[in-house]
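Two complexes are shown next, each including subunit A; its partner changes from subunit B in the first to subunit C in the second.
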Partner chain A sequence: MSSSSSVLGRLRLSFHRHETKLACLLFVLGIAIAAAAPRFFSSVNLALLARSMGVLLIVSVGMLNVILAGGIDVSAGAILAVVSVVLVRLGNHGLPASVVLPLGLLAGAGLGAVNAALIAELQIPPIVATLGTAGLFRGLLLEWTQGEWESSIPPWLNSIGSPRWGGLDASVLAAALVMMAAAWILHCTQIGRALFRFGDSPLAAARTGISARQPIYFAYVSLGLLTAIGAVFYAAQLGAVQGNAANGYELTVIAAVVLGGADILGGRGSLLGTFLGVLLLSSLQQALVLLHVAAFWQNIATGAIVLLGVILSSAPLLHRKLLLQQSPSA
Partner chain B sequence: MTSPSSAPVSLEQFGNPAPKFINRMMKLRLSENLQPGVVTLLVLFFCIYAGYRSGDFWSALNWQLLAQPLSEAGLVSLGMMFVIACGGIDLSAGATVGVAAVTAGIAAHHNFPVRAIEAAALAAGILCGAFNGLLIGVLRLSSILVTLGSMILFSGIALALSNGSSFAGFPGGLLWWNDAALFGIPVEFLFFLAIAAVVAVLLRYTLWGHYVIAIGSNRVAARYSGYPVALTLFGVYTLEGLLCGMTGILLVARLASARADMGQGLMLMAIAAVVLGGAPIAGGSASVIATLVGVAAFYIVQDGLLLLDVPPFVQRALTSVLLLVAIAAGNLLRGSRKDLR
Partner chain C sequence: MPPSALLEINGIWKYYGGTAALRDVSASLQRGEILALMGHNGAGKSTLVKILAGSTRKDSGEIMVEGRSLPRGVREAREAGIAVIYQDLSLFPKLTVAENIAGEPTGRWSYSLRASKRAAASTLQRVETNSPLLACLDRYVEELPLAMRQRVAIARALIYDSRILILDEPTAALSLQDADHLLAYVRKLARGGVGVIFVSHRLSDVRRIADRYLILRDGAVALSATPAEVGGNALARAMFGEPEENDANEPDRAAGLTRSNTPQDILTVRNGTRRGEFNNISLTLRAGEIAVLTGLTGSGRTEFAESLVGLRRFESGELRISGKPLSFSGPRSAMRHGLVYVPEDRLTSGLFVRRSTAENLVGATKHLRARFSFSRKETARADAGISNFGIRCQGAESPLETLSGGNQQKVLLARWHLAAARVLILDEPTAGVDVSAKSEIHKRLREWATTGAALLVISSETDEVLDLADRILVFHAGSLVLDGPRKEISREQLMAAMLHGSAVAEHAPAQARSEA
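Our next item is the complex of A and B:
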């Protein structure tokens, strides 16, 4: 019975997929939460969970692009802060939404392009380049705001963040649209496939005629753009912004993507995994809040979950990759 | 008579790899020597300008005040240098400093003697480092992922240990680290120089240092050569933990208090300093002098900008620009655009 054995084989294969392990982990966590805090599964709380996931998911999709291309971006939190302050400040000056929103998105894409240029043109390693730009963006932003809070946001921004549709808000819709667009781009377009190829091996990609610049620009500009989209909802949900907003946010984003099974060396990762990673981190945090656990225990639990995810995902994979890979003598 | 035609098998037949190889070696040498030089030159120009604009810049007090935070960041950077040299990265360094500082605070709270407080802080640092080393060296997990997780974990542990509050009331013996000076040089800085010398010996004259560089250059080759990769990596991260523990003690002594978030910012500073010194982030190269130049450059520029009345947020932006410019300049001078692909 060849057909049944191939089905069995496919089942076994899919069991070894990281997403399956992650789903199991999520399932176990779900049972634990159901036992400890049954309120978690009330419709009100689930809507709240969806709202809290929106921004993280949107930015994580951008970070997935960057990590797929073999890069990393630790300036995403700074970009998020810059764009949200730009949006709120311009909005408070009385400019209409039709002017402010495009400007904000343009700012995000522009800052992403700065990162891409440093990495692609000046050949600065991604972590160093984005470390530098993170300090640069954040420093200039703080100088601009002088550390003051923008404690009121324009009414149109407020209406974006207000809940409707049974507790959901526009960020959930936007996250769904972003996921669909990303699925199409990553799997059905040339640049999406190039991203995977380039991340897996820049040399092999160059040999098959993929430009060395294009995937880098695409990855970082798309992260900048998606971070800007996230910033709209971030500011709208929070109702107040300041220069130090989203400090360290990039690390949560990277943790979510990595928890979702993306290979930090590039070339491997999936949208489904990223979604599960975001879901896992967000529901863990939400559950701990419901259980009235002090904030530092949330840190400990998050760190432990990330480490668990890393151990689950990369042990066999990394071993194989290390043996295959001739490390570049840069 | 230099014609090689008499030889039965000429290297030319196999595309003679030797000249290319030597060429590469020369480039590597050049790059190793160049970046700290560029940075030193930039900083010297800056010093002359700062001294011209501000009378306080060359005062002894300024340099004494400058030397203390420099030594703390320097210790973390020396550890980070090893981590980066073996092809890894340690994002949890700042959190480890926090754990060590809080441990010292708890020990002082229970009226431990000075040496016991120091030992407790060092042990906490070593434990954190060994935890990373175990996961990265023995379980072969990716360093950036492990330390990302352990950074969140350690900062949570530090907060839980301190209950989110800060400790004060340290014995005078511990504060000695801050108060004492020899010929006007803070003892903290002398301690840092001594550690730097020890680390330099470890790096250049021991088998372990050789292993670290070999693993960073090519991990697979190191494994096939029978080098103890797991043990060496374990040692590297444990050493980083130990140095973070020392930094925790010095920070506690200088500020006479201990908080969980004390090491914040030190991690990024350490990575930036090592890279500013010209070490490739991919590993395989390390120099104590270059790392010292990197750390010193950051602190001297920051201090100078402060004296020049540059707003604090702009200082932060300018030091980041310094990092980017120095790396870009080093890359361009090296002409390594092709090498990286």
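Our next item is the complex of A and C:
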């Protein structure tokens, strides 16, 4: 096999057709934005866009793991809030960053493990399990904070969120590192491949010797951990947190991943697609803010673009299924 | 002590719920031997395969591979050298061909897409010359036609140097040419020392390839012999069971039938054809008659039944109900003409298992309206159904899932009885129900027939065919090869027709006996 054809093959594999379509959609949106709000492409605004994308991208990569494994997690927003408040409260009590940060990450991974245990051990459907834990996590958090704001954050957390490097902050760097690590795990490790297999066909996965629990734990714990990493930058950028923080955030995350071409039934999805989904949602939001569009129109536009993206991705599948039905199977 | 066999199975038992799927099964497999594993649907073949593959646990017994006890687990079985090609293939449709073939988990933590592609390519080159799959290693399996998917599954099983290869109905979905190729390849592997267990319904394939037969019936070993030791007839006997002695009293029932003089044709099919499934089928169902349609899996009988009610369409041919030419767009329109199809898988496509017994019983009648509760009339009808069909439940309000399998099946039959179906097509109505429920169901079906309904029962169980039928219809490879009154057909003729497609048995004397 010549090396050029294998390179082409790999290109084709990583550049699944859906991503091409998303890129086109993004291009069209870019032209529209350039016409309506040329300020969007100023370096200041682009840096702002990158900063606003960091947290969403980090959490979305975790959600991609879960969706690849055929699951869903609607408690991600609650986990984000819990970890944010833990970080800020403990920091404000004077604990050093070297203690608070590991504790925060541990809390995120632990909450993810709770979800995984409910799903893997008790066989509760993911949507039900995480709906339950979402209420539980959020309620316990509100009980703990008594609904009060943490209106100041420790200085070390403040410095994490402050812009440097030409308007970019540490969240952009972290998102890039997370993407690279995820690419390696999803494509070059057994546990990463097992996510695809388990989500595609749990029966076939069991018959090839894949554990029925390991992929679930990996997916939900990694989402918890990545949500905790996201929470660090979320709190740092906002400068204040409260128990109701990130309410409904999980829906934006799921929208980004699904827009990125992930199959909600599992087994299919890519990091590149997720990146493009996040980029598309964030740019749209940013542009609408620049254009002073009312908030409810932002919701409408976001909803419409998610539907459009999903229709684009499912159309060829439908087409193919029809073709297969018509042709007599061999 | 002689060298240990490649595979030794000792006294395996397996229960599902209260029923034994495998009873004390013992067998052995030598290096280079091709063992044909045969038996009817539900005989225990698949259970045995799953236990060997490590995906199902045995309840007791022992499995030894080259003298060493086989540890539990799929990966453990694989590491012991056992590879399985499942009938449903068990592929990953959303992954590429290369990943399906070579992406199996190994003990290592790392994974390389490039290495698995290389491994897939080299396996394909080893398995067949010029494999068409080599050109589509990067394509997704869901895009491939079935025959290509089968090749992917075969390559996946052969990628490691397996010592024991288990093929579950490998040729069922293949064209003759592809099947030939596969058989030749399996023989080549066996010559190289691989032990092969070949699960198949196709007697012609089995005859060509097997060194030894292992036949299961009702979960127990019915026959284990070499082809030299047994004739074709003994093979069929072992699969279908010994003839029972009650053949003699059968004509009584047939005589009872003739009392309803001038049987009236209700449903007539002329030259029904669907390419690749069944060809030129002409038959008639008459009022008051139970016709039992049988044939091996893949003979086209279910496809034909589905075509009658519009789940599939005849490509050519004609369907008449009471003389009127009709065609149905689906079960709903068939129901309007009193034609009802009860599929084999009652739990998923027949019943609402979480709803009450009463709701399931009246679920097909037009009188059910959305109200807060049942009308008195509906409650009365449900109660009538429960008593008429002898359904054992804790009241009409008990959820259906609390009933036994046999009683669930009776609910399904009672439903259509209440809906006054005139033509009833039942696919394996007694599959998975216990013996007493089975005889009770048979009794109800006969009563039903005497009220003037026409019944078409699909069954793969020879005893049930001979027991229940007024008329016997046999499908073989998409053709209707036998159609006649029960009293004119012997067990031997029936089995010959099912296995070989010939109505004439290889041995004539049997026919004479049944005529007597």
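FYI, the second predicted complex is superposed on the first by the 299 of 330 C-alpha atoms of A that agree within 3 Å, B and C clash if a C-alpha of one lies under 4 Å from a C-alpha of the other, contacts with A are read in each partner's own complex, and residues count from 1 in each chain.
Simple rule for what comes next: a contact is a pair of C-beta atoms (placed from the backbone, for glycine too) under 8 Å apart; a residue touches a chain by one contact, two chains touch by 3 or more.
This is a predicted model, so every value here is computed, not measured.
*Asks:* Which holds for A:A206: it touches subunit B only (first), subunit C only (second), both, or neither?
*Replies:* Once the two structures are laid over each other on A, A:A206 reaches both partners.
*Asks:* Please name the chain, subunit B or subunit C, that touches the greater number of residues in subunit A.
*Replies:* B
*Asks:* Quick one: classify A:T189 as touching subunit B (first), subunit C (second), both or neither.
*Replies:* In the superposed model, A:T189 contacts subunit C only, not subunit B.
*Asks:* So in the superposed three-chain picture, is A:L26 touching just subunit B, just subunit C, both, or none of them (first/second/both/neither)?
*Replies:* neither
*Asks:* Which partner does A:G267 reach: the first (subunit B), the second (subunit C), both, or neither?
*Replies:* Second partner only.
*Asks:* So, does A:L49 touch the first partner subunit B, the second partner subunit C, both, or neither?
*Replies:* A:L49 contacts neither subunit B nor subunit C.
*Asks:* Which holds for A:L95: it touches subunit B only (first), subunit C only (second), both, or neither?
*Replies:* In the superposition, A:L95 contacts neither subunit B nor subunit C.
*Asks:* Examine A:R197 and indicate which partner it touches, taking first as subunit B and second as subunit C; both and neither are also allowed.
*Replies:* second
*Asks:* What is the shared patch of subunit A, the residues that subunit B and subunit C both contact?
*Replies:* Common interface on subunit A, subunit B vs subunit C: 203, 206, 327-330.
*Asks:* Write out the stretch or stretches of subunit B touching subunit A in their complex.
*Replies:* That would be residues 24, 87, 89, 91, 135, 139-142, 144-146, 148-157, 159-160, 164, 217-220, 260, 268, 271-272, 275, 280-282, 284, 311, 313-321, 323-324, 327-328, 331-332, 336-337, 339-341 of subunit B.
*Asks:* What part of subunit C is in contact with subunit A in the complex they form?
*Replies:* Interface residues on the subunit C side: 53-55, 73-75, 78, 84, 86, 90-96, 99, 103-106, 108-114, 117, 121, 137-138, 142-143, 145-148, 175, 275-276.
*Asks:* Going by the contact rule at the top, pick out the subunit A residues touching subunit B in the complex.
*Replies:* Touch residues, subunit A against subunit B: 72, 118, 122-125, 127-129, 131-136, 138-143, 146-147, 202-203, 206, 212, 243, 251, 254-255, 258, 264-265, 294-304, 306-307, 310-311, 314-315, 318-319, 322-323, 325-330.
*Asks:* Quick check on the complex: what are the subunit A residues that touch subunit C?
*Replies:* 1, 6, 9-10, 12-13, 187-194, 196-197, 200-201, 203-210, 263, 267-268, 320, 324, 327-330
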